[in-house]
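Pasting a structure below so you can have a look.
Going by the order they are written in, the chains are A, B, C and D; count residues from 1 in each one.
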Amino acid sequence: MSEEVLEGTDTIEAGYVTVEDLKRNDRIPPLKALERAPMPVIDCLEDIPCTPCRDVCPTKAIVMKNMIDRPEIDWDKCTGCTLCAQACPGLAINIVNYFFGKKSLRKPGYEDYSLVMIPYELTPIPRKGDVVDVYDRGGKLVGEAEVFSVIKSPKFGTVLVNILVPQGWAFEIKHVEVRRR
Amino acid sequence: MKVLVIGSGTIGTSVSQELADKGVDVEIYDAKYLGYGATSRSLSVFSVQQRDRRLVKLALESVELAKELDRRLKEEANFPIGIFGERCPHVSVAFTERDYEILRDYSEVWRSEGIDVKDVSPGEVKEELLPWVDENSFYRALVTYDDYKAFTFPFTLGRVGLMRMKGGKVYKYREIKDFDTGGGRIKAAVMEDGHKADADVFVVAGGAKSREIAKKLDDPVKPIRVTTAGGFCTEPYKYLFKPVITVESKGYRLTQTLRNEFAAVVYDMGIDNPSYDIEESLRLLERIATVTVKLFPSFAYINVLRQWGAYLDYTDDGLPIVGWSRKYENLYYIYGFNNYGFSIGTAVAARAAVEIADGRRDQFLEDFRPYRE
Amino acid sequence: MSVDRRIWEHPVLTWDRGEPVKFTFDGKGVVAYKNETIAAALYAAGIMSFTQSSILHRPRGPFCMIGKCSQCLMRVNGIPHVRTCITPVEEGMVVETENPHESEFPTPVSSLEVERKTLSYDVIIVGAGPAGLSAAISAAKAGAKVAVLDQSPYPGGQLVKQTHKFFGTKESHAGTRGVDIADVLLSEVRDHENVDLYPMAQAVGYYAPEGMLTAVRTDGVNRYTLLMMKGRRYIVATGAMERTLAFPGNDLPGVMGAGAAQTLMNVFGIRPADEVLIIGAGNVGVIIAYQAAQAGIKVKAVIDILPKTGAYLVHAAKIRRMRMPILLRHTIKAVYGDGKVESAEIYEVDENFRPVPGSEKEIRVDGIWLAVGLTPSVEMLEKFGARMKFVPELGGYVPYRTQYLETSAPGVYVAGDASGIEEASTAIMEGRIAGTSAASSLGLGGDELEEERRQAMEWLDLFRESPDYKRIKQGIQKVLMGERV
Amino acid sequence: MSEKKLHPAIICRCLDRTQEDMIGAFHMMIDFLGIDGADINAFRRFSWGTTGFCQGRGCLALMQRIYVNEMRKLDVRISPDELKYKARSPAQPVPLGIFAKNNLEEV
């Protein structure tokens, strides 16, 4: 018997968050901040009683008066240290180094590339140099990318996968899977 | 005629159904759910091993009446399981020579009513009846063959069904707090919420709780002792264990029920406990376990599924309290069934119903009157 | 080559399985590991059908994995009706299938060994989950002599099955994985010499006539310890029970509670299935979906009859981006299969929960996991005589309690999910409140204890300000009693 | 969809009571006891639910739902507090021998 291909419901009610949702909630870092340092993109849009991102931030850039408040980011204070992304229990924070290609990598052809750090807790764990499939928040394939580096957070145990992607994908992507080594 | 029966145990439901059969308008009130109390905690064995000739006779009579009830439930009420199980041997075990002598005295009572009693050695018990028994664990045993196993709930709830078919009514969780009396009569039973239920005749069939009712009515009936009992039931196993086992000296009885579980009860004859809360007790569980494992060592591994406590109504002469009140002309007592309410209740209730509905006095019940010494 | 369903590569967990152990199952040799239970080892060997049902003779397999559901009963060393899911394997064991109703009486190969112990404690805690362990730590800090009983061989409650980091604040160990929080709490408990932890000890009952809590500790298939314990105070932290659903085929081997799947996957490191359908898209449903992916299991879909997932967005988002479909307004129609789950049929419902004609879909799976909610486990509270009320906001029957979590039974406290379904972090705080209150009612501790309790109560108040907890707050109001003097 | 064997929906796993059996038992209870005499305890007795190996841990909640639904069909509203049923010790089945003492005289 043939089996139907199942597709999930595409609404926020079903855990489907889009870049538009993030924009509406001021979660896309301003260009000015991105020029200065890597910045967090926090997919946390609910009043969850949860504070590790605030507590771990060395510059108090994440503001949360009560534990149930949503994190608000003071873009001027953020240094892009990535600790919040390592600490977030919901794996909801990516760190986007938007101008990585232009400012740090300086490799011909990669001027318009960003480095996106994705917290990762699945197997197989990507390794440096792997080619990975890159997916957006709804699980739609965006394309493929190269793994620039992989580190394991010494304090939180979460693997942090850094991938090189075109700037246009920087805020779209949220998930990777190893395609080939 | 309208009769209000207090209590929906074996006795209350039996009397009610018998009355309904006679065309009487019956209502049952229970403080808890139907069949609560000692009834739902009994082993449901019709046992002829009673200590008194009169009780043996009533037990034999009960079996015959229950067979008829079983037939009616199947035919009239379309209740396929019925209530009646199989005839089974009843092994009374004596751990010591002294216990054995006491048992022999009882057995004379059984024999006098025509019951066949076999006096057997532990080896014969193992050979013929109970291959699981440790033959070194006891002294001797007496065996009778006229007991029957039954289902408790179809028995009481089935009676309610038959009674309702004749127009009877039941009220659960309606505790009677007081009575309206006057002119040597009870006019109405009063509930907690002030609701009054009137009737021409009131029947007290509340088991151990009847003591409170008699006290409330300030009626000097024969006193009863309320004592604790306990029981347990195990997981089901293949139905292989036919006999009922009694250890009189430990107030202990065990059998494999028609639902394939092992069930046992112990009676704690000593303490008069003023509380009617049904509490589980570790001590009674320990007694059941110790006696069971002593007789059947491999049963140490049989899993206990649930245990329960119960309160029983004992009289000092071991006979029940049955008959009209002297203080209130329309009040009838039927309780004090020690631990044998299930075995003889059917016959007593049938006779009591005749007294209540037809106004005839049953000579056989004369020995059980409420004001005897 | 024999089947091995053990997980050997996992992004978060590692397992100390212990030395290999051999036993026989229906005459065939099975290799297991010392730290596995019989049921876990059989599942690892690909055996899903454990027993035959009584009347319909249907094959059945483990459903709860915590000794409650009775679907894993087998005859072990001649002993019938052994709950294999909680019985550790032993070298040379003889394990046989049985129809429990046609099972003959025991013919044990060895006699029962029982040790009896009579013990007294200031505070006796039933349940070593987040609430029970926290209560133990708080009471012990105040100087109380404490006992903690837990039915499972691996104390920590549901924490030990959680691979994700927890919400909350640092006071509630936020940002730490559940399994690690369990370790933190357990090591803190072990640091206190005045706490005795009894794993594998099932509280049997509280006997009012004797004033005694009785527990049975399983030391082996024929070795037990009977613990008869008198406590000056009791804390019931027995957690919750999973709800279940009625649908055709709901008893086929492969259909199991979410907790059972988690136990197999995360406690024992065994894949319960290769492809699963998860019913219920609340937090438990989406979290086990993610855990399934971590264990290398394909999740075909997570379905929920409601129009909105009850899960936190961040948890649901984790599985959405992995292309796991969350199908809202969907429910299960039936499960099919010959002897085990082979496929499931689901359908869509309209606003009134009526089936949408023609919306049936068939999904090929070998596992169905039920994550349809939890109900407080209140049996022990009933035995203590605590007054109960049905409070839907709290998940079922729960005890009346003071703000210090004392129930209507004097000296008996409640904490964690047994007081109402919430989270591990609230369980930790409730544990602290119950632990400090029990100790302080015995005249133990001082200002520091009072301060700890005040902080925990304040924390809970702040936590429950969250919109998801407003309902719970309302529920608690329904069973809140005045302070006991 | 091809034809497949439709299994029963099992409410009580221990004693193999299907949803159909349970509803049948409910109506037998009503026939026997009437709405006035019916309650969750009587339902347990007519259906044998909650009396098997699991002592209701698997079936009680489903039985309560059936009870409420069937009563609603008879225009009777049931409050959940009426459905409470007190589980008995032991909380989990344990071997009888654990409670046995060595000496008969002690009991």
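Here is the rule we use: a contact is a pair of C-beta atoms (placed from the backbone, for glycine too) under 8 Å apart; a residue touches a chain by one contact, two chains touch by 3 or more.
As the structure is a prediction and not an experimental result, all values here were calculated from the model.
Visitor: Please tell me whether C-D or A-C has the greater number of C-beta pairs in contact.
Guide: A-C
Visitor: How many Å are there between the centre of chain A and the centre of chain D, using C-alpha atoms for each centre?
Guide: Once rounded, the distance between the two centres reads 51 Å.
Visitor: Taking each chain's centre as its mean C-alpha position, how far apart are chain A and chain B in Å?
Guide: Centres of chain A and chain B (C-alpha means) sit 74 Å apart.
Visitor: Distance-wise, how many Å sit between the C-alpha centres of chain C and chain D, to the nearest whole number?
Guide: 22
Visitor: From the mean C-alpha coordinate of chain A to that of chain C, what's the distance rounded to whole Å?
Guide: Inter-chain centre distance comes to 33 Å.
Visitor: List, in ascending order, every residue of chain D touching at least 2 other chains.
Guide: 1, 52-53, 87, 89-90, 93-95, 97-100
Visitor: Taking each residue of chain B in turn, which ones touch at least two of the other chains?
Guide: 235-236, 280, 282-283, 299-303, 307 - these are the residues of chain B that touch more than one other chain.
Visitor: Tell me, which residues of chain A touch at least two other chains?
Guide: 1
Visitor: Chain pairs in touch?
Guide: So, checking each combination of chains, I get A-C, B-C, B-D, C-D as the touching pairs.
Visitor: Using the touch definition up top, name the residues of chain D that touch chain C in the complex.
Guide: Within the complex, chain D touches chain C at residues 1, 4-11, 13-16, 19, 52-54, 57-58, 61-62, 79-81, 83-84, 86-87, 89-95, 97-100.
Visitor: Can you list the residues on chain C that touch chain A in the complex?
Guide: Of all residues in chain C, those touching chain A are 9-12, 163-170, 174-175, 177, 281, 286, 293-294, 296, 300-301, 307-309, 311-329, 361-364, 425, 462-463, 465-469.
Visitor: If we count contacts the way the header does, which residues on chain A are in touch with chain C in the complex?
Guide: 1, 3-4, 6-9, 11-17, 43-52, 55-56, 66-68, 87-92, 120-125, 135-139, 156-159, 174-175
Visitor: What does chain D use to touch chain B in their complex?
Guide: The contact residues of chain D facing chain B are 28-29, 31-34, 36-37, 39, 41-42, 45-46, 48, 51-53, 55, 87-90, 93-101, 103-104, 106-107.
Visitor: Looking at the complex, which residues from chain B come into contact with chain C?
Guide: The touching residues are 132, 228, 235-238, 240-241, 260, 279-283, 297-303, 307.
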